[in-house]
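Please go over the structures that come below.
In the two complexes that follow, chain A is the common piece, with chain B as its partner first and chain C second.
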Partner chain A sequence: MGLVDKKLSLRNRNKMLVGVWEDEDALLSATQAVVDKGIHIHDIFTPYPVHGLERIMGVKRSRLARVAFLCGLTGLSLMFLMVWYMYVKDWPVNVGNKPVRFSPSWIPVMFEGTILCTAYGMGIIFFLRNRMLHGIKNDLLDDRQTDDRMIMTIETCEGMDEQGLINLMKEKGAVETREFHNGIQTVI
Partner chain B sequence: MIHDSLIRERLVTGDKTAADVTRDISRPILNQPSSAWKIGFTLSLIFLGIFGVSLFWTVWTGIGVWNINKSVMWGWDITNFVFWVGIGHAGTLISAVLLLFRQKWRMSINRSAEAMTIFAVVCAAMFPVFHMGRVWVGYWALPLPNSFGSLWVNFNSPLLWDVFAISTYFSVSLLFWYIGMIPDIATIRDKVKTKTAKFWYNFFSMGWTGSTRSWARYELVSLILAGISTPLVLSVHTIVSADFATSVIPGWHTTIFPPYFVAGAIFSGFGMVATLLVVARKVMNYENYITIGHLEAMTKIIMVTGTLVGIAYLTEFFIAWYSINEYEQYAFINRATGPYWWAYWSMMSCNLLAPQVFWFKWARTTPWFIFTMSIVVNVGMWFERFVIIVTSLHRDYLPSSWVMYSGSLTEVGLFLGTFGIFFTCFFLFAKFLPVINMSEVKTILRNRE
Partner chain C sequence: MGHGHHIEIKQETFLMPSKAKRFTMIMMILGVVLSGIGIATMDRTGTSHNTDNSHSPAKEVTTTESTHEHSVATAAESHDTVNTAGNAEGTHAEAAHAEGTHTEAAHDEGTHAEAAHAEGTHAEAAHAEGTHAEAAHAEGTHAEAAHAEGTHIEGAHDDAHAEHANVDNEDFGPRIEYHAIQKPWTTEIWSNLLVAGYFFTMISLCALFWYTIQYAANAGWSVTIKRVPEAMFTFIPVAFVVVLIALAFGKDDIYHWAHYEHLGLKPGDVGYDAILAGKSAFLNTKMLFIFPTVLIVLWYFFGTRLRALSLKEDNGAKGDVTYFKKSIRFSAAFLVTFGFLISVLAWLFMMSVDAHWYSTIFGVYNFATHWVSSIAFIAVFVIYLKSQGHLALVNKEHQHDLGKFMFAFTVFWAYIWLFQYLLIWYAHIPEEMMYYQIRYENYKSFFLGNFILNFAIPFLFLLMRKAKRSKWVFPVIGSIMIVGHYFDVWFMIMPGIFGPGASIGLFDIGVFLFFAGLFIYWTLNQLQKRGLVAMNHPFIEESVYHDTGI
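Right, the complex of A and B next:
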């Protein structure tokens, strides 16, 4: 699996069925109904985090916490090495004849380095994984998906009962259903 | 089980829908600036001008234009530094600590509090940087290879820890603020009409579409950033307090400084958040989002932390007596009854006594009164730092070194000028970015439990 989550791009995909909701409870129940039918939901776009959606959709828990831990460990080690090199290896300073080795006064600098590397390391991986880059063209399906509308996308495949699925979406409170193919949307 | 709460007061009033939230919060960005904004921004620019002139004079002539001297070598500058860093801490507290404690009332105020953190840290950084005198060699504070015989920085010094702590704090707060703002920038991107605005909001929204996968990662990253920002904010003010506590100056050499400084930082920071938000909610018509309930919650924190710093003041006094160390005892007697008694008693009355008024519900729920009290808190906290720094330095071990100190016009100008930096940044923020976190507020519209 690559670093960038390719599912976040809507380009080069089969025909997609698109359902639009304006109520989160209706969306949650629709998602459950679609998943219960054994259909894989490609993605759901919401203007705010709708808790529970990712669990119903079966989105795996992100491993960013582990990334953060590794970045923190890297920061800690780098800062330790830096202070050790400057204080012990390169230019040992005789302070009151004390032994030149690790001392608690190194801790604040090492701690700050750990936090900085954790935050920025995790932040960069977060941006990459989420396919986020300054100025990148966004794949918006609806102008209001960052305002008050919630959009469900289902990638079609052979043998799929498309009409049945559209009816299910409407039954479950979709205010609009569309078809998305080659970058063009048609209301159905 | 999730259900609509019947007894808990609503965090957002006025029966708002998600579309209402977008419309209300993005109104200042999409419309022409109001006259209140123009007046405020012009005033801020005047203060920014004062800062520019004072700074130019300081750099051009040297820090001899300040009234600091060999006894009081830290005066208004470090007082202002600690004052601004302290103010900044409430932003991190609101967004990080309250997030960890799952306090949903933070959602309406975290964005502006985080912005306040960033601007306050910028103001704070001005003072130690320009106190160096020859600011053009300021990079000597960094551990860079050099041709002075491998002269590395001193890792035993809290002043160096400060360099690392403040720069890390600024960088991490900026990242936390920015990541938290991306979904809202995307919302604005999809609302603005002009080509230039579309370009810039598109640039900074980084292609955000609101995918469930992105939200799941976003929430995890926010949680981790909150988790690491909490010890970070504690470490930053602990290190600032170590600038004093690791010295051998009577009145500074105390182990109570770290918790006492952290409590003071939260206290003054909430004071400033209250100052800003009481005005902003009125001028920007955000009374449904920043409700009386929000103000009340903030006043409770002000009262608790004010009492904590009060206890710290009394503990210091007690320990000075208990230590049987005559220098320590003299330092504290001198604070309360010496030539700077007025500063000490201003501090005591503003920080310990005044916030006690928040025991009364009327005081906690009356915006104009909260605004007045927030100014009192800020004045008190400035005096706290002035008292700690100046009263401990102006009479040292050697009576022949005893001096009096008061800030010069340039020092006063620099301090007033930092309000120019702070408010100019804040007004620009209020014009171009959403002051309230729209995507988070939309999750609490239904008052669910």
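Right, the complex of A and C next:
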């Protein structure tokens, strides 16, 4: 599994059932209903955070914090190496008779380097994993999912009661229902 | 937590359990007993706080700055080696101070000159030992001038120096001498009361700050725990009266500028201090009492208004936002005045102990210290109330956010602490260095312990998500932080007052225990007076359903 996981792309998956909601409360109750039926929800795309959604879906805690820690550690060591090489190894300079070894003046550099690498590392990896980075084909099922619509996707499998699910979505306030297969969406 | 299920918002009342009463009483009694033993066993010869040297009142501990050598060399006019002059000065200091005559000179201008003379004689003695006569002689006047004030920078004594040593009135750079033991033994009592009073005044003020920022930011999550800082803030008058008592009795011994003020020296007088004279428009007794009192009264007024408004809101109708809107206005007014003027307290009470020294970040540093300890107190109170079965509406989410607050401002404190040090370390300007020199040279374990206690331990623990949601981490880490930051305040002034000889004794511990016990008792008592839930606050629903996500 690489950083850009092809399996994460909706194109490389089985047929998807897609439901579109306008209202977050309706979406929450619909999610609860689908989960109660024992159906695994592939993902829900919302233009803003909907509180409580991740708990109902049973989303696992993000591993982004560990990425942040590793990025920070990388930044810290890189900056330490940089200052050590410049200031101790390559060209020691007597600045105000300060010792040519680790001293408080190294701390701001290392601190800033840690922040820089953490921020950029987290940002890049977050967008990468979400297939939102420039150069990766994204899976925007509906342009309005970045504006005012909330979209639920369910991956179908053998023996799934697809019509039943579609009906459930409609019953629970979905304004549109579609299916998505091999990159083509059809309204059903 | 979790959406979908309805949470009923019910009013709760808190009644202080007898166990809590007993606990705080024991803390206070233990505090009184310990400080009583502390006072009883204090050395009353005037060498308080320096138990090692307690039997020789006149024994001096002199710290010699590196630039000090420079000034002496210039004065002597004939020294080619700076280091030798420095050594000569060292010898002189020993010889002159071992004599012990200048113990008398302290409060009197008249005897001043005589003592100076005596010093000169001793300088000669130093010379007889084969060191530099002129250096020592020139120095004699200075050592004396220094003595009158306890902590002294030579640069300030240019005038006197020029007269005696016949050199140009140039800037010699500062020299630091600590005359640790020239204080009456009661100084320890007043300075500890100052630390305790100041710490708890600021803790209470920061509690007010805590809920005013919630108003100003329209924060919803914190409404369920709002009562705790609201109760903490009421301690302000008690703590501030302690500050005033400590200052009324001890200011001349705590602040050498206050003592200098009595001397009434004019330019040209022996012992005239240009730096202290220049600061006298701000650093004077009237300012010391009036400015902070005005500020505290103003802030306490804002606090009581906010409390009254929140009571009216409680008794009013659900959905009535008039009191809430008024509270925002009062909060904003408080925050503006607080933000601009909080540093004044730090300058007057803490920084002026080392009156020749200054640090522009000092006010922020003080604020950081008290702010994070105030949050730690709030967290501990919330956990305590929760453990007693109260605050049913507070859940792990609120606790988690409190933990983030603690964590963030632990880092903030460390940031300010480090950068005050870093800039001074970097620039290496002697008059700035003196603050750290005495602390680092003589109290290395305190200096580093401060950092470990207040940053390393809380940082490593609070970094974990599980810790912020755990029941036991807050009481343990919170207590470490409260003790640590109290020690931080203690450490801000004690080396300045007592020189290298300050130590933590029974009295210091007793004072902390007493005031911590009183503060906890006071807060819990105030919590009894209101329902624990702000029923009619417009954001109470938002707070109840607060969720930080997974």
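Going forward, the second predicted complex is superposed on the first by the 171 of 188 C-alpha atoms of A that agree within 3 Å, B and C clash if a C-alpha of one lies under 4 Å from a C-alpha of the other, contacts with A are read in each partner's own complex, and residues count from 1 in each chain.
Convention: contacts are C-beta pairs under 8 Å (C-beta built on N, C-alpha and C of every residue); 3 or more make two chains touch, one makes a residue touch a chain.
The structure displayed is predicted, hence computed values, not measured ones.
*Asks:* Between chain B and chain C, positioned on chain A by superposition, is the outcome a clash or a fit?
*Replies:* On the superposed model, which is not a single observed complex, chain B and chain C clash.
*Asks:* For A:108, using the defined touch cut-off, is the partner it touches chain B, chain C, both, or neither? Pick first, second, both or neither.
*Replies:* Touch status of A:108: both partners.
*Asks:* State whether chain B or chain C is in contact with more residues of chain A in the superposed arrangement.
*Replies:* When the residues of chain A touched by each partner are counted, B comes out ahead.
*Asks:* One more residue to check, A:183. First (chain B), second (chain C), both or neither?
*Replies:* After superposing on A, A:183 lies clear of both chain B and chain C.
*Asks:* Quick check for you: in the superposed arrangement, does A:38 touch first (chain B), second (chain C), both or neither?
*Replies:* Neither partner.
*Asks:* With the two structures laid over each other on chain A, which partner does A:122 touch: chain B (first), chain C (second), both, or neither?
*Replies:* A:122: touches chain B, not chain C.
*Asks:* On the A-aligned overlay, A:59 touches which partner chain: chain B = first, chain C = second, or both, or neither?
*Replies:* both
*Asks:* A:49 contacts which: chain B (first), chain C (second), both, neither?
*Replies:* After superposing on A, A:49 lies in contact with both chain B and chain C.
*Asks:* Should A:96 be classified as contacting the first partner (chain B), the second (chain C), both, or neither?
*Replies:* Second partner only.
*Asks:* Given 21-29, 129-137, 273-281 or 453-461, which part of chain C has C-alpha atoms clashing with chain B after the fit on chain A?
*Replies:* Only one listed stretch clashes with chain B, namely 273-281.
*Asks:* Per the definitions at the top, what is the overlap between the chain A residues touching chain B and those touching chain C?
*Replies:* In chain A, positions 49, 51, 53-54, 59, 61-62, 65, 105, 108 sit in both the chain B and chain C interfaces.
*Asks:* Contact residues on chain A for chain B in the complex?
*Replies:* Residues 5, 7-8, 43-51, 53-54, 57, 59, 61-62, 64-65, 68, 72, 82-83, 86-87, 90-91, 95, 103, 105-106, 108-109, 111-113, 115-116, 118-120, 122-123, 126-127, 129-140, 143-148.
*Asks:* Under the stated contact criterion, what part of chain A meets chain C in this complex?
*Replies:* 28-29, 32, 49, 51-56, 59-62, 65, 96-98, 104-105, 107-108
*Asks:* In the complex, go through chain B and note every residue touching chain A.
*Replies:* The touching residues are 17-19, 22, 143, 149-153, 155-156, 158, 160-161, 164-165, 168, 171-172, 175-176, 179, 182-183, 186-187, 189-191, 202-221, 224-225, 228, 231-232, 235, 239, 242, 438-440, 442-443.
*Asks:* Show me the residue ranges of chain C that touch chain A in the complex, using the header's touch definition.
*Replies:* Residue list for chain C touching chain A: 1-4, 418, 421-422, 425-426, 428, 465, 545, 547, 549-550.
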